[in-house]
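Next, two complexes with chain A in common: one pairs it with chain B, the other with chain C.
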Partner chain A sequence: MAFLLGPILLVVAIGFSSGDTVEFPPPGFSLRWFDQALSNSSFQQGLLTSLLVAAAATLFALVLGIPVALAVQRHTFRGHKTVETLFLSPAIVPELVLGFALFQQLMVTMRITALGALLIGHTVLLLPYAVRVTGASLALSDPALEEAARGLGAGPLRTFFTITLPVMAPGIVSAAVLSFLTSFNNVPLSLLLKGPGISTLPVEMLNYVQFSYDPMVAAVSTLLLAATVGAALLTERLVGFNKVFSR
Partner chain B sequence: MSRKATLGLLLAPGLALLAFGFAFPFVVTLFAPPAADHPDVLGKLGAMLTDSYVLGVLARTVRVAVTVTLVCLVFGFPTAYLIARAPKSRQGLLLALAVFPLLLSTVVRTFSWLVILGRNGLISDAVLATGLTDRPPELLYTEFALVAGLTQLFMPLMILTSYSSLSHIDPGLEDAARGLGASPGRAFRQIVLPLALPGVLVGGTLVFAGAVTAFTTPLLLGGSRNRTLATLLYDYANVKLDWGGASAVALIMTVLVLVVGWASGRISAKVATS
Partner chain C sequence: MTPVVQLDAVSREFAGTAAVRELDLTVRRGEFTALLGPSGCGKTTTLRMIAGFLEPTAGRVLLEGEDATRLPPERRNIGMVFQSYALFPHMTVEKNVAFGLRMRGIPDGELRTRTGEALELVGLSHLAARKPKQLSGGQQQRIALARAIAVRPSVLLLDEPLSNLDARLRIQMRQELARIQKETGLTAILVTHDQEEALELSDNMVILDQGTVAQQGAPREVFRAPANRFVAEFLGYENFVELPDGRTVTIRPEHVEVLTPASPTPSGGTTVDAVLTAVRFRGTDCVVTAVSEGRTVLATSSDFELHTGGQVRLNLPAAHTIDLPRTKQELPTS
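This part shows the complex of A and B:
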């Protein structure tokens, strides 16, 4: 546990440093690096791109993934297993390879913009999470509920919105949180699919760390840590944190 | 609406995205890159597999990934066991603490190792303070740095998968074995270990695949001296602009991950039936 969490706390301590370079223990306490980080234009731009891409890709992945989860969990058909494996396969392939493939085919050959390629790539990356996590909540629920609703005269759409969707809600929240963070934190795809003005926050941080060695990235990290703790606590209140990871 | 039509409607949008955004670019890039200079991927691949530099990178990648997997196993499994045997009320919190780092950016988690292992880092300061030497040890940009960073990155995966199989084992089974005269060690070996093996295998595969394909950590901690397949691929794609070469590295990396995943699946299936 100390091995897992210690280094992260170290970064937080350095974020509050008053020194000019990264040193531990910090020479004094100050918020100057937070101030610098928040007014850094490439970090601001990166944060905006990251939030936009993560939100949109999460939404797309859920909209495409929930129907797939329904098909896989509630229907029996030939090639059932193959379809399931197919939708989980983007998670097996190295992200960097996927990023390179998308860069070549979508950006270079088809001339799709960086933002477009980024959105497509992230949606593909998140699709397995969306299918698996929402599918897990479906697998735990009783199909008899839906059959009862249909038997009582509700149409398929009404059954979906009044029965199935509420039953899936915890799974959808878990999938959304996990997807959002996965997209937000992704480096390999985002690094290869960047264009003028389109670069995500982790990529900007990576570039910065490679050339300068000061506590600014530690300050950004501390802010991200705080936001992630916040998201985790909120999820805990909504559905239970461990449910997010139980699949 | 017929069942078939419903099914088609549910699956079609997702399949369309997979085809366009995954299968198509993937296959074309790996096997038939249509770039202007017609890079011959298989030719490049052949050249690479006899190139001692590339073979060295491949060997390093596998060596580091195996080490990371073993270290994660040695420390992660006991941690998971302790969590699974902790009082129920505390398991949630302990697991959340162990798994929380997964939600953080790899850049954040790797940055801390720059602080610990760097030239003016914690360890070199400590070594200098002992007065035994006046030259700080070279820790950053070594394989040791890679192993340390990647272990910290992927340990939560091992804890998580081990925990999920351990938590399904009834502690009563272990108690029964003890009651029938088995030593704690024997009860653990004969009862807990076989039941937990599938989870451990999944965890090991995830850690290995993660360590082979990780990019940020080798970039920051391995530098150009200790390249792995991932940083080599990036170098070909973005610095040398040799896309045929990049495709060949991508092919090696993908095959490596798929073969290990397949093998672990086979072992798991064997264990389950025996």
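This part shows the complex of A and C:
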């Protein structure tokens, strides 16, 4: 555990450094690098793009993935294993390969904008999470629940919104959190699918580190860490962490 | 009077195998019907076709005289209780029971009254605000029942509702079920593999074997006179004997008379000489295994002088000897 935490704590400490270079231990305490990070325009733009893409891709992945999970879990039709594998396959393909393939097809051949390609790429990336995690929560619930609702007079659509969706809620939340974080932190896909004014925060950080090596990157990292921990705590308060990640 | 449920030569196939074959069934108003049989006999398939979760591959399902064969479950006025109870975990007991009423658009005031009545009927009004996971198995089962009853269905469909309860609770709940059915006058169809349940609860007992009716009728009649070997075996009859005159019969061990070899032959029965191969002491009596010319007969006797190897004369009184035809037949329903 210390093995993992050590380097991370190091980075956090450097973020608060008053020095001009990355050095440990830092010469003094200062918040100036945080100030710099928050006012850096590339970082600001990167953050906005990351948030937008993560949110949108999560939404699309869920909208596409939940019906697939439902179809696979609740109905055994010919080829349902194939369909499931198809939707889980993006997780197996190396992201760089995926990124390049999408770059070639979407941006070069079809001339789709970087933002569009980013959205499509990230949605594809997140589909396995949407299908697998919501599928797992469905598998754990009683199929008789839906039959009970139908027997009591609820049509298929009403059954879905009053019974299936609420019962799946913890699974959906956990799929959403996982997807959001996966999209936000993604580098390989975002590296290839960028264009003028469109690039994600991790990519911007990568760019910055190549030319300047100062504590600003450490500051940004610390902020990201804080946000992630915050999201985890929020999930815990709202839904219960072990419920979310044990399903 | 129109029967509440009528199945007209209903068949259902799964991947080439017939689970239900040309089944005819009539369920009358206020009647408690039990669909009884071993695993795989088609009883649950039949119930699900009545409910609308399965479509028959042939035949018609009529509910209250109307052809409901292609009607989806939500358009049939049924109340179903599942083996797993299937209570909605994210709703309170009250919301669960009110669900069917809500789906029918019943106005608030009436909804609350009828929900209250249903909870009252099962004696669990005090649990209205609880969530299903806070209830015991028996309580969950009663709430599931209340939920089905609240909508005042044409027919109550029960799919092995007591199977998940422990033995003692099962017997208690059986009595509750009987009481509730009598009080509400609801027509009910119960699927079970437990013959005690069927014998105690039903007005019409339908025994299924591989998708067809092996026998149906009032429990007393069916039990007293099983129509064929399958039904007799299912009901626990143990003696299947081929008599000297060629008939295959069954007789309960307690009806077989065990006499000394020198006894006079009683009239009105079949008498054979046999040797005892086993004597099992049971406290108030003993169970003996007697073999006569290759036939094995089990009998009970309170003669404690009987011992293995002893010679006896067995009498099978005509009144208790039941002929078994070689093929299945249905007894006419009363």
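Quick notes on this one:
Heads up, the rule we're going with is that the second predicted complex is superposed on the first by the 241 of 247 C-alpha atoms of A that agree within 3 Å, B and C clash if a C-alpha of one lies under 4 Å from a C-alpha of the other, contacts with A are read in each partner's own complex, and residues count from 1 in each chain.
FYI, a contact is a pair of C-beta atoms (placed from the backbone, for glycine too) under 8 Å apart; a residue touches a chain by one contact, two chains touch by 3 or more.
These numbers come from a predicted model, not from an experiment.
In the three-chain model built by superposing on chain A, chain B fits alongside chain C with no clash. With the two structures brought together on chain A, the opening angle seen from the C-alpha centre of chain A toward chain B and chain C is 90°, to the nearest 10. In the superposed model, A:166 makes contact with chain C only, not with chain B.
Contact with chain B, but none with chain C, is seen for A:209 once the two complexes are overlaid on the shared chain. More residues of chain A are touched by B (comparison of chain B with chain C).
Applying the stated contact rule after C-alpha superposition, one finds that A:64 touches chain B and leaves chain C untouched. In the superposed model, A:80 lies in contact with neither chain B nor chain C. By the touch criterion defined above, A:149 reaches chain C but does not reach chain B. Distance between chain B and chain C in the overlay is 10 Å (nearest C-alpha pair, rounded to whole angstrom).
In the superposition on chain A, none of the residues of chain A is touched both by chain B in one structure and by chain C in the other. Partner chain C is touched in their complex by these residues of chain A: 142, 144-145, 147-155, 158, 163, 166-167, 169.
In the complex of the two chains, the chain A residues touching chain B come out as 1, 3-5, 7-8, 10-11, 14, 21-24, 63-65, 67-68, 70-71, 75, 77, 83, 86-87, 89-90, 92-98, 100-106, 108-109, 120-121, 123-124, 127, 131, 156, 181, 184-185, 187-188, 191-192, 202, 205-206, 209-210, 213, 217-218, 221, 224-225, 228-229, 231-232, 236, 240-242, 245-246. Across the complex, chain A is touched by residues 51-53, 72-74, 78-80, 82-84, 86-90, 99-100, 103-104, 147-148, 151, 157 of chain C.
Here chain B touches chain A in the complex through residues 1, 3, 6-7, 9-11, 13-15, 17-18, 20-22, 24-26, 28-30, 33-35, 75, 79, 92, 95-101, 103-109, 111-116, 118, 120-122, 151-152, 155-156, 160, 164, 209, 212-213, 215-216, 219-220, 230, 233-234, 237-238, 243, 246-247, 250, 253-254, 257-258, 261, going by the rule given at the top.
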